[in-house]
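The two complexes that follow have subunit A in common; it is paired with subunit B in the first and with subunit C in the second.
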Partner chain A sequence: MQKKTLTSKAGTAGHFAIDNAAALMCVVLILYNALFTKNFVQINSLWNLIAQTTSLMFVTMGMTLVISAGCTDLSVGAIMAISSSICGEYIVSGGNQAAAIFLALGISLVCGLINGTLVARYKLQPLVAMLVARMVYRAAAQIYTSGIARNVSSSIGAFIAQKRLFSFRLPVIVIPMILVIFLTWFIAKKTSFGKHVEAVGNNQRTAYLCGISVAGTIVAVYLFSSVLAGFGGLIELFRSGATDANTIGLDYEMSAIAAVTIGGTSMRGGKARIYGSIAGALLMTLITMTVNFSNITYQMANILKGVVIVFALALHSIERS
Partner chain B sequence: MENQKTEKQEYLLEARNIYKSFSTVPALTNVDFNLRRGEVMALMGENGAGKSTLIKIITGLYTKDSGQVLLDGKEIRARSVLESQQLGIQSVFQELNLSPFLSVAENLFIGHEIRNKRGLIDWKKTNEEAKQILAEMSVYIDVKKPLKDLTAAVQQMVAIARAVVVNAKVLILDEATSSLDADEVEVLFREIRRLKTKGIGIIYITHRMNEVFAISDRITVLRNGHLIGVYESAAINMSQLISSMIGDAKGREVVVRKKENPELKNAPVLYSLRNINKKNRLYNVDLEIKSGEIVGLAGLLGSGRTELARIIFGDDQDFTGERYFKGERVNLKSPAASIKNGIAYCTEERRSEGIFALMGVDDNIIMPSMDSYVRFGVINRKKKNAVVKEYIGRLAVKTPSSSMEIRKLSGGNQQKALVARWLCMDTKLIIFDEPTRGIDVGAKAEIEKLIQELAEQGLAVLYISSEFEELVRGCDRVIVLYEGHVVSELSGMDISNESITNAIAEGGRTVRDAKKLQEEKGV
Partner chain C sequence: MEKSSERKIPLSEFLDFLRGKGTIVVLILMIVFSSILFGNTFLSWSNLSNVMRQVSWFGIAAIGVNLCIISGGRDVSVGYTAMLTGMVFSWCITKAGMNLWLALLLSLCVGPAVGLINGFIIAKLHVRAMIATLSTGWIFCSLGLIINNDATIYIAGSTKNIELFYSISRSNLFGFLPTPFAVFLVCVFGFWIMASKTKLGRVIYAIGGDQESAAMMGMNVKKTQLITHLICSILACIAGLFLVARTGVGDPASCSQWGFTLMAAVVIGGTRMRGGLGDLRGIIVGVLIYGLLSNILSMAGLSLYWQNLITGLVLLLAILSQRRS
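Then we have the complex of A and B:
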């Protein structure tokens, strides 16, 4: 953290609360569950929370970079459907598991390349381009699987999704999640590419005048987002043990954008806040879990998420004025 | 006017004993300010003097900690710009607060629409009135055109015309001339004088010294949040005003470059342009710059100065002609290619294409040269920080920390950071486009001095400025442009304010005559 200039104590506390809104709300929900949900305070609840967040965390990390470059990626949920369908169908037809995974990720990258090219090369409005991509990719997945859900059993899948390690029963799935967080943080904060992303998000014209390849940066960011979405789809596939082009990844783009904005990354771009996004993604899962535990209608979760997003955005706009 | 001039209402607008602090740091300390009817009051001071804070308190953007603001002798407490506008205080800022996609007439009457009996907007009448109001100002344009299609000067006039529409009592012009050329400023001044006769009081803020004396009746000077004095414009001269603004003038004298530099004569040409043409913008332009030389580009707005700079920097490909760098013909297709060759461009649009507002001073400085701190894509922090620290020190960029967001610095310090951006790499030719625009007197002198030092270190400098005094002080040679034609080249002792102005005037005549001749031939 940078040194803050002289401000009153209340101001500093307010700033802290606004900067860490997502994390604070996570704490509130955890306390609430600790008090009112039976058997919540045990290590397995934590593992459940993390395991359920993993696929969203992948998507959210990609989305953080996309948004900090001043773009959005609405196709991530559909890419999850594509990658899970391709991998699942390939395994079911007797193909090699590793080959299935690589194939799925490869196709995800192709989707990202299309997204990036539409936005950066052909200068389509990102929102329009993404709405189209979202529609087309999911339709492609549905056509490919004929809309039929299929059970998929695989040894890699079982290992990643079900295996627990050590005496404290650490789910294997936690490991890729930590890796992707570290990778994204490293790219955003330590590499020249990360700086280029923020520069493009700040001001494309200035970035161009500084010799940065604006189009190249945008394409790369979409590639990153799509391959992480591809991973997210695979994780969902392994966790559920079935392909389902109709439901896998549905509304993930919304949850991811919500997680990123609650985490403090501005939709206008220019700055990636990785810690905020992590807390934002956990918060999304916590809201769903809390609603489930409290025996409230499932749909209530989406209303709560909406409230939380508006609240977080209001906080940030107060901070700015 | 129905208001009789009683003693109480001597002033149209008055601010008494204004105190305002930002988290315990005082921005204004017990400042008094007053404005009479039909008067132009210049508000002067360096950046950070408190000018804009005072204006923002008057217009309701900030709330004061203590003190009073009186309009027509009655205390007002505007809590928003809208409220102050309803009271009759209208402001025109450097960045226009108009809507570029709406028509001129819509912009003029927005919030004051002329309606017909059924409550709908009467477009015919609106357009007619808009046309008439602008005609009174000798502006003859199609009022149905969207505002963005007009020149900066006309847009500025529309903003002022709006003050007439809303029946403003007080008009605040904040750096309203910064994008205008000399002729356009004259038109604006004519309009200001006309508004004066209507009894409107005008607060005029500018960085251009000669404008202050040309238009203002009185001058209020602020420094570090204190009122320094109120002067009759006729009773004070330029140097008195400057010393009043900057206080102790020690160490701030402007260096005048020694004229006639014999070493330059034999130096090889670093960069040259041959026969550059750009449709409707540039005509047969030749240009040569040597290492260690400062070449000025003088001309009015629209003379093609910036267009030329962008062609040199590879930002504009839509032209014909040849470019030579170190004696070889080059085809620089992008800024990236130019930067690799050691050509840098310090833009005139600091905010919109200079800074990365949300990034730290450090990242802003190293952005174009980042490759030299990178191995396998990873930035070497130590190396980066050392360079950043060195250049923040060398250019005296005032910032609490090197990772401070650059938008939080003053304009002058932002500009210095942007210069540092191009100096911390292997730059051979640097183009400065209006490097002193919108920054305070002290920082201006520092930047001018810095440019001199760069040339002494062997850099080639192309210096674009609307303030001819700067070119006179700083340049070895000055190339004068008029509407895209090179009309004169001055060097050494021949460079003076008069010689540049004369060259533009004469060039204007020659170019016009040539055009006329062509037209006659065409007929």
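Then we have the complex of A and C:
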């Protein structure tokens, strides 16, 4: 049914371009900005770029594992809204900051458990189940905060969002980001659990016959993704200093899917490419920054990211056939 | 995996009941329940015809979604297609100062354009329908927002014969039947003819049942996928115009949940998520249940957030009732 296409003719250069699409696009956008945007080539722009990517990077790392297990988690944006609202409201009402953070992460874990149960236990199609979860979680966060935005000031928040370290002004926020990237890489590539995830993504039936607990793996992957989304929500909360259940985490799931797919992880699962996802997440922020610098309405960035998803998926399907 | 499916899952008997004739019972129960609870507020003709009106554009779009799901595909971008149509129409008629007919013509082009884009991505680029329409829906949503910088466009009093356009949604046929509901019934009839009497209908069911066998029997899978997405987007486009004619505003926030609620309605009505199975019931019963549900929820004075939450849970129940056993 499917014809022989591009890859059989194109040589190693084509393969290289497809494998590193995200990194190449990043380079193009950085060059574009270096040429056309004033004051872009500074150490501060680099830190801004990385600091702005942090919450998306958390979500993307979780999404990479979920997608490589052959599932998708569309609820991450809504989980970000839930965790940031819970933490924010708790702090505003005079609660302990550490307790607020643990509470928010705990609720994120519960959301992940629900997601994993729906997909692994009740065998719903991941995309459909997650669409519902996204709708329900976002509505729950809006009901919890009555849809009202609130200012939240906290010492932890100020430390994470504004503190710069050393003479080269390293933002504190970069440290958890590097930790989470390392953690995801370690889980995906150096543990047997990582292999189980890829096996489940490749072929659930085979993985089951090899004695891997398919349901357990899927639930664990969703737990990982939601707890990282919870972290992402907290970072957004601390960075912006406000809770807003209507806007925090909006469209993050789509940005994360775009980052993961353009990074070379196939939506069909079976392969986790951490480096690609890192480049993909940076690419998403670069697209937003470029659109902002060029004085185009910010919706244009979403359109470009949507095009990136379609482009990446088309590339994957060409590669496969 | 296999062990877990043999185990009896709680809920399952209730869900089996829902899957069978249950939906019609649920519909009747809802009508009885709300008549008792709200009395004449619910049973008054003005409320019922209001429900019929709201159900009709939702139902017109549901026909297309039903067709997509039967063919084994998905379209979650319908809501944004409807919204984009409304935005294009209201932009043309207010900001660009076009006359009614030109604006109608331009906005009616949105449907086929969207359908061709979706169909091309799914049929020619072999991207799975769900993720493809999710991303194109995101693109259309952003386009709709760009048109007027996230703001609503008010049409009122822009052209002379705008009342004529309003009347397609606001008038009654024979003094009692809301015009859009009549259009909806005509569309349902058209769907029935297409699904049961034409070759295209047979092919759509065959592809939904088993795509590979259908291809081996010489059916043109790609062309059929393209056509279903085209029909789906055109119907969504028409639904969007009816909505604008009713509200009189181009609102970029409207219809954003349609992609999921339409799927819910169709699945509640008994269309199988995996494709190959589904009929008129999917549209009529599902859409009526959804229309009544939102009517009851808003009469009960619940906020939009609660409505979203409950709709999501109902959708979850509907999908759970169809899970692979």
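Note that the second predicted complex is superposed on the first by the 302 of 321 C-alpha atoms of A that agree within 3 Å, B and C clash if a C-alpha of one lies under 4 Å from a C-alpha of the other, contacts with A are read in each partner's own complex, and residues count from 1 in each chain.
To be clear about the criterion, a contact is a pair of C-beta atoms (placed from the backbone, for glycine too) under 8 Å apart; a residue touches a chain by one contact, two chains touch by 3 or more.
Quick caveat: nothing in here was measured; it's all calculated off a predicted structure.
Enquirer: Taking the superposition on A as described, I'd like to know which of subunit B and subunit C A:Y208 touches: first, second, both or neither.
Expert: A:Y208: touches subunit B and subunit C.
Enquirer: Taking the superposition as given, does A:K195 touch the first partner, subunit B, the second, subunit C, both, or neither?
Expert: Touch status of A:K195: first partner only.
Enquirer: Given the touch rule stated above, what does A:A314 touch, subunit B (first), subunit C (second), both, or neither?
Expert: After superposing on A, A:A314 lies in contact with subunit C but is clear of subunit B.
Enquirer: For A:Q97, is the partner it touches subunit B (first), subunit C (second), both, or none of the two (neither)?
Expert: Neither partner.
Enquirer: Is subunit A touched at more residues by subunit B or by subunit C?
Expert: The partner making contact with more of subunit A's residues is C.
Enquirer: Tell me the contact category for A:Q299 with respect to subunit B and subunit C: first, second, both or neither.
Expert: second
Enquirer: Let me test your reading of the model: by the given contact rule, A:S45 touches which partner, first (subunit B), second (subunit C), both or neither?
Expert: The answer is neither, since A:S45 touches no partner chain.
Enquirer: Does the superposition put A:G270 against subunit B (first), subunit C (second), both, or neither?
Expert: first
Enquirer: For A:V128, select first, second, both or neither according to whether it touches subunit B, subunit C, the two together, or no partner.
Expert: It touches subunit C, and subunit B stays clear.
Enquirer: Could you look at A:N20 and tell me whether it touches subunit B, subunit C, both or neither (first, second, both, neither)?
Expert: In the superposed model, A:N20 contacts neither subunit B nor subunit C.
Enquirer: Quick check on the output: what are the common subunit A residues between the subunit B footprint and the subunit C footprint?
Expert: In the superposed arrangement, which is not itself an observed complex, subunit A uses residues 2, 205, 208 for both subunit B and subunit C.
Enquirer: Mind pulling up the subunit C residues that touch subunit A in the complex?
Expert: 1, 4-5, 9, 76, 121, 125-128, 130-132, 134-136, 138-139, 141-143, 145-146, 149-150, 215, 221, 257, 259-260, 263, 273, 303, 305-306, 308-309, 311-313, 315-316, 319-320, 323-324
Enquirer: For the complex, which residues does subunit B have touching subunit A?
Expert: Touching subunit A: residues 23-25, 313, 315, 334-336, 338-340, 345, 347, 352-359, 363, 367-368, 370-371, 373-374, 377-379, 400-401, 403-404, 421 of subunit B.
Enquirer: For the complex, which residues does subunit A have touching subunit B?
Expert: Subunit A residues touching subunit B: 2-3, 5-8, 11, 190-193, 195, 198-199, 202-203, 205-213, 270-271.
Enquirer: Can you check the complex and tell me which residues of subunit A touch subunit C?
Expert: 1-2, 72, 74, 118, 121-125, 127-129, 131-133, 135-136, 138-140, 142-143, 147, 204-205, 208, 214-215, 251, 254, 257-258, 267, 297, 299-300, 302-303, 305-307, 309-310, 313-314, 317-318, 321
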